[in-house]
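In the two complexes below, chain A is the common chain; its partner is chain B in one and chain C in the other.
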Partner chain A sequence: MEEVYINSIGSISAQKTFDNNDFLEEITTYEDNILPVIDPNYKEYIPPAAARRMAKGIKMGVVASKIALEEAGLANVDAIITGTGMGCVRDSEKFVTAILDNNEQFLTPTSFIQSTHNTVAGQIALGIGCKGYNFTYVHSSVSFESALIDAIMQLQLREAENILVGGVDESGEHTNAIHKLIQYIKPEKINTNKLLQSKTGGTVFGEGANFFVLSNIKQDSSYAQVIDVKTFNTMAKSDLVSNLEAYLKGNNLSVADIDVLISGNNGDIDYDSYYADLTNGPFKNTQQVVYKHLSGEFNTASAFGFWLGAKILKSQHIPKAIALNAIKTKGLRIVLLYNQYRGKNHSFTLLRQC
Partner chain B sequence: MSDLKQELKEKIITQLNLEDIAIEEIADNDPLFGDGLGLDSIDALELIVMLDKDYGIKLTDPKEGKKIFESIEIMANYIAAHRTK
Partner chain C sequence: MSKGVAITGMGIISAIGNNVAENYSSLLEGRTGISHISKIDTIHKGSIMVGEIEYTNEELQAQLGLDSNNNYSRTALLGAIAAKEAVADAGIANIRAYRTGLISSTSVGGMDMTEKFYYDYLESEDNRRYIEGHHAGDSTEKIAEQLGIDQSLVTTISTACSSAANAIMFGARLIKTGKLDRVIVGGADCLSKFTINGFNTLMILSDTYNTPFDENRKGLNLGEAAAYLVLESEFLIKKEKKKVLGYVVGYGNANDAYHQTASSENGDGATLSMEKALAVAGLEPKDIDYINAHGTATGNNDLSEGRALIRVFGQEVPEFSSTKAYTGHTLAAAGAIEAVYAILSLQNNIIYPNLNFKTPMKEFSLIPQTSLKEKALNTVLSNSLGFGGNCSTLIFSK
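Let's look at the complex of A and B:
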């Protein structure tokens, strides 16, 4: 089986991540419970005629993918695989609101066309003229990992050479209002520097697009090797450590081999205990990294964690803003990512320096 | 009539997301489709819905739309003559 490499990255997030030469040198702190992305100049990447019908998620996805393709030196890829939890939720909200407000009359086509979950992958394909495999996974907080697994299998089996993989989710006003009502979003605005020390339930929501060119051909510019990804729809909390140890063993690794643990803590007192079981348990002597105080929580926030893992391995540097503990390991070789949302849809991802 | 033309230009810019175009840039006789404003068939559907919703004009024959949406001038004349609200 072929090995799989992350050959390039493109990220649009609540931090200034769209410039691949930067690595969280400047941190934007928010006093809020919903974090917007820091927008690149979309007009530099998308012609105005094409952009006028694109919702935010589409623009973010198209631009993040263009940044990744440019860095990989590719004009096209063999396949485009995206993951999204909510798809183009803003246009979905617009379309459904119009149905209600206009008593099921006067329905306009644009928001309907743009409201589907696979619009982002479709628009990227149209933009670059990619007629290859085009797939979108909508699996809640393992949407990105599902896309990743699909790409890894195709690359390992040499069914493709270069695959554009990404996670994208946009923030929708109505969806956020509902999540505030059920307190999945914290009712109080919070300083994001203090999010992970929060003692209340719920989290801070965000949005973003993180795209990668994965390939079975290593380049000088490659960021890391993807060793393995595993997802669990449900998992008893008591099984987390044993499942993780079995996962590592399946990859001929043990806890001691992990140089960095990237943990998906989101400041929700009811569910961060899953992460604490690892950070205070078998990984208490491992260098630990967190990121959702920078990105916010969304269904494909783990793609931002994946971006972080790739950047850490390539740069061999861990910015201060993401360090969870004071342990500093030299020679960062293997990174483990663990993510879950509200106790469901867990994922383990292993990256190796290449 | 000039108020209606102004209103139509504002609506077209807002509803069709022509964010880079200012009202002053649309002349009354500029073609809306093709070489003019560059609108397409999806925009035509949006305009048909707008006529129905805002002016009470139901277009049953799509060919009719082609003539009515030729320019702001023609559109405004048609609306003024047929509007029910």
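Let's look at the complex of A and C:
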């Protein structure tokens, strides 16, 4: 079986991450419960007329993928696989609103078309003329990981050489409003520096696009090797440690081999206890990294965690803003990511320095 | 021919029947499920024609034994009914006995509830339990719960009208690579004002019964449905001495990369996906005995798909038909619905008629099979083509 490498990255997030030469040198702090992205100059990548027509999710996805393709030195890929929890949700909202407000009359198709979940993957294919495999996974907090699993299988079996994989979600006004009502979003605005210690229910929502070229051919620019990804639809808290140990063992690793644990804490007191079971348990002497205070929570936020893992392994550096503890290990070789949302759709991802 | 991945169970609910047996008898009797909208509260009631499932949500909830406080969308209800039939058909007593996953697919998800309570959520607490079902994976989570699948690989694919074909493809690959021992694959989509109005604005809805591959076709009828297959590894089949209904031997996905909603004139994507599927199956075009075409009866699809058929099969296109005139276009579920129909074809050596066909298209000489036909069938090819240029082909064998 072939090894799988992350050959390039492209990230648009609530931090200034679209420039691959930076690594969280400047941190933007928010006093809010909804985090927007810091936009690159989209016009540098897309003709202005086309950009105006594009939904935010399409724009972010197309540009993040262009950044990744450019860094990998590729004009095209063998396959495009995306994950998105909600697709272009603003267009879904727009179309529902139009149906309800005008009693199903005077409708135009644009927002209906863009609301289709595979719009971003379709638009990327259209943009680069990629006639290859094109899939979109839409399963809450494992949307991106499902895309990864698919890509890894193809690369390991040499069914493809270069695959563009990404996670993208845009934030929608109505979706945010109703998630505030059920307190999945914290009712109060919060300083994002204090999010992870907030001791209240709910989290802050964000948006973003994180794209990667995965390949079975290593380049000088490669960031890391992807060892394995595994997802679980459900998991009792009491099974977490044993499941994780079994997962590591299945990859011929143990807790002691992990140099960095990147966990998906989002400041929700009701569910962050999953992460605490690892950070206070078997990984208490491991360097720990967190990120959702920088990105916000969204269905494909874990793709930002994956971006971080890639950056950490290539730069051999952990920026202060993401360090959860003071432990510093020399030689960052193996990174483990763990994520879940509201106790469901858990994922383990292992990356190795290459 | 490659060995393929074994299918050991199937389940379905559509406008032409609430289970596999009812669907099959409707197919044999040429009974369409298309009628004027009667169950959805829309201004198009009585004018636009669709394929509706007869059960109400309350009846489906009762069948599943759900209490009145549940938050199942109609997509989840339909999906759970069909998936349970598939698991029972496969004779699975203990779903946790082996590594069992679920790959479902949907395009509309819980939109039926979202559009119903969109403003109500803001005013009243009564229906806020449905907000949790807002994301596209919700129906899949509920089906997994109904089947008792836990701590496993459960995910959802949404690639518009090719979704379920892609779920079957991904599931087959998970079995082939040994990631799972057993996987339930398929898709579910209910009707909603969102999709009815969406397709209406695209002006591709027929105002009468859809007529696939007919020169005078006027567009598609939407339908609602869910269907699932159980795929099992060779090891499990041997160990449990399972009865095999058929095999997934070939699969291919490609992108047309032509237009966001329209298919390319020459069917590039569909040609590629059929070629890929044939290559995976280790088959030549001449080895295909019957094609269940996507055949939505839109001007664009049938021309593009027809040209792709000619590109792949030349002058020797085998018998083909579209079953959309029976069920309507069931969007994300279509690939799974037609997979069940393909297996039934293989089991019974039957080719279904392409209903409502009268006049051949002027662009080519393709004529679909218009009457029920008995023929020894070893392989059936099934196409699913969707928005975003998404083209998928599955090949099934005895």
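Keep in mind that, in the parts below, the second predicted complex is superposed on the first by the 354 of 354 C-alpha atoms of A that agree within 3 Å, B and C clash if a C-alpha of one lies under 4 Å from a C-alpha of the other, contacts with A are read in each partner's own complex, and residues count from 1 in each chain.
Note that contacts are C-beta pairs under 8 Å (C-beta built on N, C-alpha and C of every residue); 3 or more make two chains touch, one makes a residue touch a chain.
If you're wondering where the values come from, they're calculated on a predicted model, not measured in any experiment.
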Inset, instruction - In the overlay, answer first, second, both or neither for which of chain B and chain C A:252 touches. - result: neither
Legend entry - Which superposed partner A:197 touches (first chain B, second chain C, both, neither): neither
Inset, instruction - Kindly classify A:108 by the partners it touches after superposition: chain B alone (first), chain C alone (second), both, or neither? - result: both
Inset, instruction - For A:143, select first, second, both or neither according to whether it touches chain B, chain C, the two together, or no partner. - result: second
Legend entry - chain B versus chain C as contact partner of A:48, first or second or both or neither: first
Inset, instruction - For A:95, decide between first (touching chain B), second (touching chain C), both and neither. - result: second
Inset, instruction - Considering only touches as defined above, state whether A:344 meets chain B (first), chain C (second), both or neither. - result: second
Inset, instruction - Name the contact category of A:231: first (chain B only), second (chain C only), both, or neither. - result: second
Legend entry - First (chain B), second (chain C), both or neither touched by A:21: neither
Inset, instruction - Between chain B and chain C, pick out the one touching the greater number of residues of chain A. - result: C
Inset, instruction - Determine where on chain A the residues touched by chain B overlap those touched by chain C, and list them. - result: 105, 107-109, 113
Legend entry - Residue numbers on chain A that touch chain B, as the complex places them: 48-49, 52-53, 102, 105-110, 113
Inset, instruction - Would you pull the chain A residues touching chain C in the complex into a rising list? - result: 80, 85-87, 92, 95-97, 99-100, 103-105, 107-109, 112-113, 115-119, 121-123, 125-126, 129-140, 142-143, 146, 149-150, 153, 157, 174-175, 177-179, 181-182, 230-235, 239, 243, 299, 344-345
Legend entry - Complex interface listing, chain B residues touching chain A: 15-20, 38, 42, 45-46, 49, 52-53
Legend entry - chain A-facing residues of chain C, complex: 42-44, 102, 106-107, 109, 111, 114-115, 118-119, 121-122, 128, 131-132, 134-138, 140-141, 144, 149-160, 166, 170, 173-174, 177, 179, 193-194, 197-198, 200-202, 253-261, 268-269, 272, 386-390
